[in-house]
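Note that subunit A is present in both complexes that follow, paired respectively with subunit B and with subunit C.
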Partner chain A sequence: MGSSGDARMGCDRPMIADILVAGLVFGSLYGLVAVGFNVLHRPTNVVNFAQGELIMIGAMLMAATPIGGLPWGVAAACVMAIVAVVALVEERVAVTPVLRRSSHAVGWVITTLAFSLLLAEAAGRLWTDQPSTVVPPWPLSMRVQEVLGVRFSSYQVAVVIVAVAVVALLGVLDRSRLGTALRAVAADRDGARLRGVDPTALTRRSFLLGGALAGLTGVLAAPLLLASVTMGLGLLIKGFAALAVGGIGDNRGVLVAGWMLGVIEAAGAVFASPGSQSVVLFAAMLLILLIRPNGLRGLAVQRHV
Partner chain B sequence: MSEVRGTRSGAVRRAAPWLAFVAAAAVLPLLSGDPTITYLATTAGIYVLVGTGLNLMFGYTGQVSLGQGALVAVGAYTTGILMADHDWTFWAAAPVAVAVAVGAGTLMALPAFRLSSWYIALVTLGAAMAARSLLVEFEGLTGGWSGLTGIPRPALGPWELGERDILWLVLAVNVMLLVMVRTIVDSRLGRGMMAVRDAPEMAQSVGVAPARMKLFAFACGGGTAGLGGALLAVHHGLVTPDDFTLDFSILFLLVVIIGGAARLAGPIIGTLLFFALPELLTGLAEWRGLIYGAALLVLMVYAPQGIAGAWERLRARRQDSGPPSETFGTDIPVEAGPPRGKPLGVELIGVRKSFGGVRALQEIDLTIEPGTVHAIVGPNGSGKTTLLNVISRLLRQDGGRVILDAEDVSRAPAERLARRGVARVFQTPRLLGASSLRDNVLLGAYPRERAGGPATVLRLPWARREQAELAQEADRLLAGHGLAGRAEEQAASLPHGEQRLLEVARASMARPRLLLMDEPAAGLTPRELESLGRLIRAIRDSGTTVVLVEHHIELVASVADVVTVLDRGRLVTSGPPQEALGDARVVEVYLGAPA
Partner chain C sequence: MTTYRTDGMSRRGFLAGTTSATALGMLGLGTAACGSPEGGGKATARVGWVEPKTGRLAAAYKPIYVGARLALEELKANGGLLGQAVQVMEEDDKGSPASQPAVAQRLIREAPTFVVGPTGSSQVLASVTALARAKLIQSAWGGAELLGDGDRFPYHYQLVYNTTQQARVAARFLHEVRGLRKIGIIVENSEFGTSIRDAVVQTLRDTYSAKPVAVEVFEVDASDMTPFVRNLERADVDGLGLFTGQPQATILILRAMAASGFHPVIVSHDLNYIEALGEFPRALLDGFFGTTYRGLTYTGEEEPSAEVRELVERINKHPDTAGLGYSAVTSPYYDYLMLMAKVIGETKSLEPAKLKAALDQVDGYQGVRAKVSFTSKRHSGIADEDITVGTLMSAKEPQSLGGVLRRRADGM
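Here is the complex of A and B:
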């Protein structure tokens, strides 16, 4: 959000446009993080605390040789595959063992958090903590253009489009047979087993998909943010905020919430101070949750006794 | 109280390891001339303090807080600002630090307390991050990145406390806190906390308000973190934002988990292992992040009860477990006290409830007369349990009204009904698995026990007397349900049938005026069924209304005064058992239409 510095002299139109552009672009990233949470949450009722570090690994792989040196499309595919495998490892060591013991306890909060610590530690040993820049693929670029007083780059537009496309694709998937099976497992893990749905297999597939999505988010984020080993935590928390505000399980809701929070954050950086961004974002989230505890659309699931 | 716990020599024996440990820690600086050892021991003591507070939140109440480090920062900075910039004494600054941290802790829990537990983990994590940027942002107050320096030592008049004295102060505070936590955990409050952790709906049904309990736990955790922060500030003499990273918050969670969540000794063991050990073996410090992650993962998967839990299990295995006693069907009359008032009647007017597209209840009008056994029968999915949940307020109806004894409770929460004298037996037993049978029964007395937080912590004589009387009553009830002499056993180790009985005993402990039972007969042997029937009649005869959801038609026919038949969310018929069960429509519901 570096573009805010020169536009500090009042509420003129270009500044508001800058806030909206930055908000939409970063909000798309936050929305994608939250969509990743949703994908994993469906069959397991687990919210993956390692999601931020998975994305970090995606971005770092994109920045590092040898993968970074490959043609962009190939590199992105490799990154998605690698992160998907890492997510599968997480499912094996940190999620399924805990769910096997009890599907209600919150042990997974601790285990996925532990996995995220391990990922951060491994990344810290593998790569330097010097942030590195990643260039967008041809023909997209970060070069700022101005159309009708709105300044944006082609890559920023692409990121928003990809986020919308991902949510649309997941919507199609949701209406398929697989989506129905996922909902069955979410509602009652043991009950689904009786109806010929294998929750473990579905969990594995969801982690592969969620991991690939995290990889994609990392690939998309790399040119926007600097790829660094410490970027995971911020994305995790902002993704969480989008998830909480949008309502868990609601992909369209979390994307819209991501945009909203992105705009609030960008506005906070301009009107308050750049350092207070995270505080403004956090306060906004708390305020929204106080008023609507189940998220904006409030698709709450009632528990049964 | 058990044989060991009750006597004075038993109390001494139980306290002996603790006393020895505190004494050893206290003489440490006298024996070792190395100031680093004293310094480390003081830091470890402060970590134990904060860990014990978190144990109350996480171990006993089940709330994962990732923001404990931020609360310590609040305490440390409050103390630092007051002492360094405003020349307050430590004794005046520390209480303010505690108060501010209690406020911060409560604030942190406030938006999350209506939501599921992982939201609390998220909100506290966000708070930890936001707190750090606030520390840097408000540079004028906090000194920004360079922090606050020149915080003086506490002083008593002209005498300033030295390194050793601070260690002793920390130890004294720890001892007081541990005694307080032990008292809380053994009391009504502690049982309420564990109920919120293990089975929130059950907690509500015995009169515990989960939100208030969580707030209380967060206030306690905030207060101890604030006190820890105050001590840390005068111990270090300076505070900087870098002291309060996310790793610092996670350390406390780790300390509680590795030591043993919901075990008093847990934070002590955890601190010694995960703070003191790497600090002493310098080679390990570099690998700390890796060790944290791996330890959390392995422990949560293989030993969720931590080291203290594993040790207990080891000891329990060595001790000879007594012979399994004669269960259900002992003919000792059940010694439940009289109900707390007249039996309660229920009236439902036009009650509707849907789950998505499924209309579980459709316009139900039903009157349950006080002092009767009212059975609700119907095939699976007919809405029986939903009806029970609406009466007990664990579910809110979409439309219609619920009247309890002339009072409209259509919008009341479940815990308020429990205080009015409604008790509930669940379809699958919901117990405090890790607690003793006695504690499980005592939980039933939650709504009628008078001792609140202050009376408990101060160990007022009347509160202790009340506790002892209730414990005796619980033991009598256990005996009456064929569980005599097993009050100390763990509830989770009981077979299913006995867990059911324990639920009934807990409900009786409430001395309810209305008892709601959800399929109590499922999975019982014929002999057990017979005594269940006797039990239900005895409960009614003592002056309690019983609402019974049941599949077992013979049981229903033998105990019910009125039978209501539901089918697909509609009321089919309601009347005396012979009439209702013989109704042609009921036969059709159960056996299908006649050919």
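Here is the complex of A and C:
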């Protein structure tokens, strides 16, 4: 219809640059959500369905007084700490009781969903659906600059760098004794206990770390997406898609998958017919999974403990 | 002692659970009997009330019901309905379409004289479908045109303008009043978005022999609006219909426009001024308009009625308004309750059948927002001439009475 259709037929360099920038930036957020899934999944084999709402709580806290009024670094640290504590509460009430009955129990599907609903309920009572702006920390800004026909803001660049840095740091952690212990618990919770590893303590630490990561993702997402009580579900679904494509347990894989999904999503908005972007996104995801059923790098099932 | 235990529930647990459930059930039946119309005691006029009390939208929807609460205060101060005390039967629909059948079941048991709510097009469609067979008079906040079809939903009365009326006004403003010829449309991918997109396209075609130069449809959870906005910019759009129920989407669209210096004239669905708008250049916001009710607007020569100003004052004082006075005053529920009080007073009856017959003959009832008329077939009551376009930035003017009213756009 009209030139909307014309624009979809054509393809120029700035258009491709727009798609790549949006894909990398928002794909980094999807990747971080998926990395958060991985951190919690390692010692528990649990996929935390409350992850999206933890991120939403992080973003809303960043926009709310008095935390939002603090210097950015202090505010971000406070938010990460609060969300980490919330995640720990989730672990205590919604995950450990289920795993205590059986390490192979799947009751966590319901309990983490229930916890997610509780968080949404609390947010619905505390805040309206009006979005709030969060300003990026100095010297970053959302002001768009054009370099060689590519338009981006300094904050967008920072988000991509932070996502890469988080994955790199988790890679270092993965190679430490703690990382080895986490993999041992992931492979056989009871077996690891027999070798002197305390799965409960590791689960608790992972939830603290995963919660802090969810808080960080919320902090990073707030200036881009605006802080809103409705933001959690969309991020959860796209993060889950990145997890499926990248492979459970593979942090580098899920970040790359996040970028791929971000680019496909942005390209769908430009090239697909109006209203069919989700179809394009999930069709691409299914296609990738058909070709690479174990994730992009196929590493998830090749780990040795 | 030996405890026999299965994977599911112990025998003792089962017996205890069954006993408790029976006791609770009997208690419930007893309560229901006490509250039923035949249960004796002082007669009351019951008003069904569907509002999200829990869930993600609980706080967001509170301001929408402020008008109804103020109307209730007035009814109570005037002695109730036909001298009977007004009893409100509040039902929590969690802001979800899926909750509506269960809520409808409870309302049917409670048998109110009429029902207020729910709010939101999808919720309303689910609710009116579930309540239609119970013949309960209802008015909800949903803009879909079919909700005003008296043949399809004979007991639902629409006191908000529908998507076709809204589209006609938006197209008139852009094409006729502002003389813009490169009109674009951006809508969310929802029932509301689809119906208003089709209505704008149809109006442009049938009334102005024109067609939009760009149509963009985004997913409600879209993270980035830049690609859609770039499509509009490439199409050289100078007038834009922006229709979404998601305030976040509106802000993200404006942000993408501000980033590229693309400032078309915009007609939107929502004129709430929220803090997040403060980041945008004035030139962009000065070109932002929205459809609204004539009774809630002012011009250099024309002021809102004393009744409107008094209502706005009360809305601003109400604790549930929470800075969203515009949502509160545009809500249909104040006018609906006052209309029901008038109809009940005139018919001297609380019987739904008699009230429906009277409602079907309402002609030119002057609500605070607009004139309302119904026929047995047309239950979309807002008069076309009472729908207009207001400016967003007038929310900052003192005449807006705290950001609640809006200045009417020039030429409307």
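Here are some notes:
Quick note on the criterion: the second predicted complex is superposed on the first by the 287 of 305 C-alpha atoms of A that agree within 3 Å, B and C clash if a C-alpha of one lies under 4 Å from a C-alpha of the other, contacts with A are read in each partner's own complex, and residues count from 1 in each chain.
By definition in this document, contacts are C-beta pairs under 8 Å (C-beta built on N, C-alpha and C of every residue); 3 or more make two chains touch, one makes a residue touch a chain.
What you see is a predicted model, and the numbers here were worked out from it, not measured in a lab.
The superposition on subunit A brings subunit B into a clash with subunit C. When the two structures are aligned on the shared chain, A:L290 is found in touch with subunit B, with no touch to subunit C. In the superposed model, A:V106 makes contact with subunit B only, not with subunit C.
Once the two complexes are laid over each other on the shared chain, residue contacts for A:L224 go to subunit C alone; subunit B is not touched. In the superposition on chain A, A:V47 makes contact with subunit B only, not with subunit C. In the overlay built on the shared chain, the residue A:M15 is in contact with subunit C alone; subunit B does not reach it.
Contacts of A:S132 after superposition: subunit C is touched, whereas subunit B is not reached. By the touch criterion stated above, A:A114 is placed in contact with subunit B alone, subunit C being left untouched. When the shared chain is aligned, subunit B comes close enough to touch A:V98, but subunit C does not. With both structures placed on the common chain, the touch criterion links A:A123 to subunit C but leaves subunit B unconnected.
Put simply, of the subunit B stretches 308-316, 362-370, 416-424 or 470-478, the part that bumps into subunit C is 308-316. Shared contact residues on subunit A (touching subunit B in one structure, subunit C in the other): 120-121, 124, 233-234, 237, 275, 277-278. Taken together, the subunit A residues at the contact with subunit C in this complex read 1-4, 6-8, 15, 18-19, 22, 25-26, 29, 120-121, 123-133, 142, 144, 151, 153, 224-226, 228-231, 233-234, 237-238, 265-266, 269-270, 274-275, 277-278.
Partner subunit B is touched in their complex by these residues of subunit A: 47, 49, 93-94, 97-98, 101, 106-107, 109-111, 113-118, 120-121, 124, 233-234, 236-237, 240-241, 244, 273, 275-279, 282-283, 285-286, 289-290, 293-294, 302-305. Subunit C meets subunit A in the complex at residues 52, 54-60, 62, 184, 189, 194, 201, 211-219, 221-224, 226-228, 230-232, 234-236, 246-248, 251-252, 255, 259-260, 272, 274-276, 278-279, 322, 324. On subunit B, the positions that touch subunit A within their shared complex are 62, 64, 66, 110-112, 114-115, 117-119, 121-123, 125-127, 129-130, 133-134, 136-137, 201, 246, 250, 253, 257, 289-290, 292-297, 300-301, 304, 355, 385, 389, 394-395, 426-427, 518.
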